[in-house]
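You will see two complexes here that share subunit A, one where it goes with subunit B and one where it goes with subunit C.
== the complex of A and B ==
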């Protein structure tokens, strides 16, 4: 592990638990998923079996809006408050700063994800859900979340303004997410396939969300994270040249 | 030990720092003195490893700021002009964070010691957002000193705090000079005189003078400015009277009186001449040389 990553990580985690925004996000997410789960249970009485991938599939859309809220502060605030100057003159590499921050966002997201396990426990108690599907959907949405947070962090490094950072990353994530339904708006089949391969949702909705674990999907999300973090590091580094 | 050799920073076509060279030795407080925009902050940013120099080199404790940036950063305590804080952390948490990030061995003991030193022990659990500006300045100092760096760089540490605190900070800086190499910047001449062992005056990115405050003062005080107010004489008559004195270089009207610049001490002659001409002398006092005057002076002489 790069020196300093742990220190940055724990400071950021502490920051999450000290800030009302993080609690509000957790509240909103649990409220929405709770309502959704409740209505799915009602349906499952008469029309279809309860879907263990329901919550992860909903999170795929929700993270388009929640990931930017979790990351918008991270670098924009440092740059506005001037603390970035101190971070960049501390004996740690720029990569350690970026990775520490990213991991803390992913860690907080993981906790949110663990909170939604409640629904799986309820399902386990009242019926016999397809556990394999549940596991694959959760692995998928965990990686998916990491990718969206990496995109959010990138935009946080681009501006001093948190709102701008959140808005830009939401727009980009929405585009990436919409690629999944490119087939419905693009007539050219090959082009639609390419777009779908590039999209966030395309690597989730027809694989992890239906119980498929494929190396290419894991590689896609890991790739997004690596590329985004690499660019973010370069942008942070560019503060030295301004 | 700070060794700066022909350090240059260019922003596009703009030369922010132009080939400056100076040294600071252990146990010495060196002041960077200059007006706003002179290149003080840019110089400091290059020395702290925040930004790379365009040309030239600088060594901190024997390490090159570009080639051994991490080693340099380990040995430098830096307080930027606007104290950077995390408002949601406690005083103790904030200082501990920087201690850990800079690899302090026993952070807890060091943090306690440094908080004691800047008199913030009783505020250790206060949120940083609730600190007054003066206390934030001390917190910034704590952050810069927590890893006990041999070199301390302070960017205008006395700006925007009340006079009592200014005195405290100046004392703290002088105190630091006993064990550390201190580089600090200011645009207040008297402050540099009080605090520094050596002063480096820079303007528009260039060093225009450097030396101990005493040498600089004797270099600079080759003339004298006086404010003279005379009752009874009109503007023109008064000016004519004063100009006729030997040693007087220029006379300019200011307010109800005149500012007289002279090569020698002409106070006696002025008083004498005014009374003998039948006017009454209302005011006669030396005008302290402002930093502006000195710059004009130095730049003028450089031509």
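== the complex of A and C ==
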């Protein structure tokens, strides 16, 4: 299976870097994070220490919109163009197809994250940021991004239309993100707590983003990825018996 | 315009019935799991589900049988159960890890790790303590942040400290019983035998919420230390000789400082030195300190002897002395108490009113004295800062400190007036015409001492002498550093500060502010807003052009 996963992975990575859309997404993300970084830096001048978790915290919201753009094509396009059937007849398992595609999206996202390290290097050059906090926030947003991409991939497998896939995954990710502020929407404390426990932001904003690495949060993001990829695999597999 | 008939086939009707029935059944099952029992709505949903599915089976029996027994059903069921099983395993793993409290504090200042000082205080916890937090759903994020700290205390004490959260919107009775005034209020208390919080030992945890990040460890450990020390210290207010009352809630009263001490676990009470002296009794043995809050009449020799034997034996006195213009005024320069203080401790009050001519060290009038200099060599002045927490005295009395104190005695100054101040000795002119003018050779040139301390080293008897009493009245105690001066004076006198003193984790860990030039900022903006995104965009453009060329 590893070999099959590797083959799919490199094929997808190649497609990412050959597609101008991926560069446009990177451009938009870097422009937004750049503006935010400069704005915070100007505000911080002589006022407060630099916040190394600023960019990861922003990415938590940004990924709600960017993750679907990165994954919408992956299975929906294959399904629409009929290449998914071809892929399923190739000597690779369904699991390898799904994991390979997911890993390629995560790899691309990791490259984007690495580009934002520039901000940390700038902070290091001009001041003394809390590096431990930075590492924690980046680990968190890396896992968070993996989870959002897994959700996006699931919706890409559900439909042949890329726009529908992107819209559905954005809606679900937005709901999962809003769970972090469930208390401001839901009056029932227990329900608000459950919603927050289920939310993507709730496992980032009060732990990774403040420098605390908790096993339960790592388990949450890993669990989201595993469950989403499992369901995606079952959906891809269903093309064989539907 | 022609009309087309809408034909609903039997099969379609069956499919719709099955679809609606399946949805209702699913909602009913979720509701059942959520509520843990049957409610009319859940029963309705389950009945609707069964009816819908039954209708489907009746109207479209072949499709229904095919759905239940066909290949799709087999694969579909396996997929659904497999997914449910996986979700169960993930949820179980999550719950186990959550309960195990496995955390790694990545911050450089170890902000989420209890300091050794905190752990030292927690080792003294032998009775169960409950942290009770009041958070509404709107304060859920705040609760999650606070809980990161609270559970550290639970783990560090092997469960002797527990935590409980109450929604103040829902539980009004508890909210009122605890005296909750704002969302996010936190209290600590010992527990009754039945496991409920003992409200008699209730103590508010003063977590400071504001634009700056809170320091939960400092605030919570401080409160626990106070709870541990609670009930072990008794501070008496002397009510003889016309002293201010600790129960007076008016602007001139002392009820605020009295309530404040009680809220921090200090037992407060009153005694009458004059009565004790007259009856030949002694000061209560449990008196950690006695406050002489601006008596109007001076103390007799017998009263001074009583106080003297108490303080020489290791007791503590907080003396608040305003300039008084009456005959036999409290602490007059040649009075018995003032002589005792000078002979025993090398400190005394002078018959002089501080006049501040430095505009930066006075408020509305030259008689409003703002602390110009603070000595931080004792805990009394350690938290005072002339710039950020200046004390404000109204008509203050000048004090004198003997720099060569009696043997075995240490003394010193805490607060001074400015160089431009002086001590007005003409009480009559001041009292009758409110006029004052520096008279060389008669008045005392500044700077003047307004707060002094002394300590008998062998017995640890302590005295704090303050040339003002207005600063602790209800109307003034919240001004500037007035409250801090009182609190820290009591803490030093009773050694309470030594018992609850600990070094908390600093939140910012001393991280430096950002200082960069405008040119550097411009360069950073160029790199991050133009260069980086621009390079990525150019690469994308190159890729696109290459593809166009290849396609052509």
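Observations, loosely collected:
As a working rule, the second predicted complex is superposed on the first by the 239 of 242 C-alpha atoms of A that agree within 3 Å, B and C clash if a C-alpha of one lies under 4 Å from a C-alpha of the other, contacts with A are read in each partner's own complex, and residues count from 1 in each chain.
Following the convention adopted for this analysis, contacts are C-beta pairs under 8 Å (C-beta built on N, C-alpha and C of every residue); 3 or more make two chains touch, one makes a residue touch a chain.
Worth saying up front: this structure is predicted, and the values here are computed from it rather than measured.
Superposition note: with subunit A as the common reference, subunit B and subunit C can be accommodated side by side.
More subunit A residues lie in contact with C than with the other chain of the pair subunit B and subunit C. Of the two partner chains, neither subunit B nor subunit C is touched by A:111.
Contacts of A:92 after superposition on the shared chain: subunit B is touched, whereas subunit C is not.
Using the contact criterion defined above for the overlaid structures, shared-chain residue A:83 touches subunit B, although it does not reach subunit C. Touch criterion not met for A:175: it reaches neither subunit B nor subunit C.
By the touch criterion defined above, A:11 reaches subunit B but does not reach subunit C. Touch criterion met: A:3 reaches subunit B, while subunit C stays clear of it. With both structures placed on the common chain, the touch criterion links A:61 to neither subunit B nor subunit C. Legend: residue contacts after superposition of the two complexes on their common chain; A:19 is shown touching both subunit B and subunit C.
For the three-chain arrangement built by superposition, the Cα-centre angle with subunit A at its corner and subunit B and subunit C at its ends equals 160°, in steps of 10. Minimum Cα separation between subunit B and subunit C in the superposed model: 5 Å.
In the superposition on chain A, the residues of subunit A contacted by subunit B and by subunit C overlap at 18-19, 241. The residues of subunit B lying in touch with subunit A in their complex are 45, 48-52, 70-71, 73-74, 76, 78, 80, 82-89, 93, 97-98, 100-103, 143. Residues 3-4, 7-8, 11, 14-15, 18-19, 81-93, 240-241 of subunit A are the ones that touch subunit B when the two sit in their complex. Listed in rising order, the residues of subunit A touching subunit C in the complex are 17-20, 22-24, 26-27, 30-31, 33-35, 37-38, 41-42, 44-50, 115, 118-119, 122, 126-133, 135-136, 180-184, 186-189, 192-193, 196, 202, 205-207, 210-216, 219-220, 223, 226-227, 230-231, 234, 237-238, 241-242. Within the complex, the subunit C residues that touch subunit A are 71-72, 75-76, 79, 82-83, 86-87, 90-91, 93-94, 97-98, 100, 102-109, 111-112, 135-141, 144-145, 148, 167, 169-170, 508-509, 511-516, 520-521, 524-525, 527-529, 532-533, 536-537, 539-541, 543-544, 547.
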